[in-house]
């Protein structure tokens, strides 16, 4: 299972008046984790786009266990969970780096499409990327 | 089942380089729908906070069917789906107002807590709000 | 001088851990004011784009006098301050609607360009829009 | 003059439907540059807060020369430009790291306040931080 860790630091822009990170920002950081995962696989998303393949988000889920606060360094783990038909599902964990405590888990399911958002089967259209995802 | 509709207009800030609304922004608009729903029930979230009750997001889910684009007016429907223990679950639909076409569905599950994020049972702590939710 | 007022309500997403609105969000609301101003002039930005005219932001300035907080309704006033060469400058005020108290002032200067970001002179390219701006 | 460089990578969340970074996000990155500058000076903003000193933004200015796009790595340079009365002004440059090309310049002016947003003179209240700023 392909997996990658990256980290970010919480700034004020990410927090809200409850004093903690606003809940949609973790899902934004899923994007950071996903991009760096694809890059680590030798297939940055920018390259996918250049080759005419998009991964629009079809579904996302997020569970919030403990809040992150200003100045925390967060470790984002992203992994490819499933490639099925013209979709790929990724899973994520976000931990407080200093302590390793799990804060958030989640997943995103993506359609695999051409630039007109028409679903494509990777196996037929781009064997190299398909092999990447299947590793 | 308590339900409320409100609408917003998409600005450039909400879109991304794919030419459509960035996926986490719909979840931000769930917050708009939720706040206006609570207000319509006579219990604005600001009042809940003043009475020592918070609704931190414990879980969110979102399914993307069709994309919204710049300048679309979106209609957000929010409804209370379930109150159970110290949690409340809301469901949402986002439609393009002009056509009524369904773009996004989703839900958020909230813990019902005191200002220290300690779960509380509404029935015991705030009967008026509990009755609101139970309607 | 063409001027338009519109209003928005502050949500949690707009606030930060200082308990007030995060400073860049007022500048995002300048966009709301700007779009509604253009619409009120009969020239929504979407129409400008369809006619091949973009207004990328070349400069922005913002002064923060008093903070807005969660659930405030804010009144955004936008006006066209100057059209000069291939640029247009707008000015903004943001007030707390309930009290009329001035919270934020600012301006944005925009290049007037074609879809390739090449500057154009409105007078030559689009007389109708030029007349709108000059009113 | 105290100065610090840090870098970030542009994600989809930062871009808009013009295909470039949305203009307020550079100002959000000024915050990243500012925080890392303060940290490099031995005085992280979190420590300042713990010692009862806040730096709410009183004014910001931003000039956009060239746009950044998805996946660019941006280098943010932040420096302290002036400490005067109960205010501190910082200046920023954002460059495309790969080429060194200057994209954006700007500044933020901050009030130096206690937790109730009351202005304070650093010299009197916190000599260590004052010396940091004056270096």
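As written, the chain order gives the labels A, B, C and D, with residue 1 at the start of each chain.
Note that a contact is a pair of C-beta atoms (placed from the backbone, for glycine too) under 8 Å apart; a residue touches a chain by one contact, two chains touch by 3 or more.
Quantities reported herein were computed from a predicted structural model and do not represent experimental measurements.
When chain centres are set by their Cα atoms, the one at the greatest distance from chain C is A.
Contact tally for B-D versus A-B: the pair with more C-beta pairs in contact is A-B. Our note on geometry: chain A versus chain D, Cα centroid distance of 28 Å, whole angstroms. Rounded to whole angstrom units, the spacing between the C-alpha centres of chain B and chain D is 33.
Chain A and chain B have Cα centroids lying 24 Å from one another. Annotation for chain A: residues touching 2 or more other chains are 12-13, 18, 20, 24, 28, 70.
If you check the complex, the residues on chain A that touch chain C are 12-13, 15-20, 22, 24, 69-70.
The part of chain B that touches chain A in the complex is made up of residues 18, 20, 23-25, 27-28, 54, 56-64, 67, 117.
Chain B contributes residues 9, 11-13, 28, 31-32, 35, 44-46, 70-71 to its touches with chain C in the complex.
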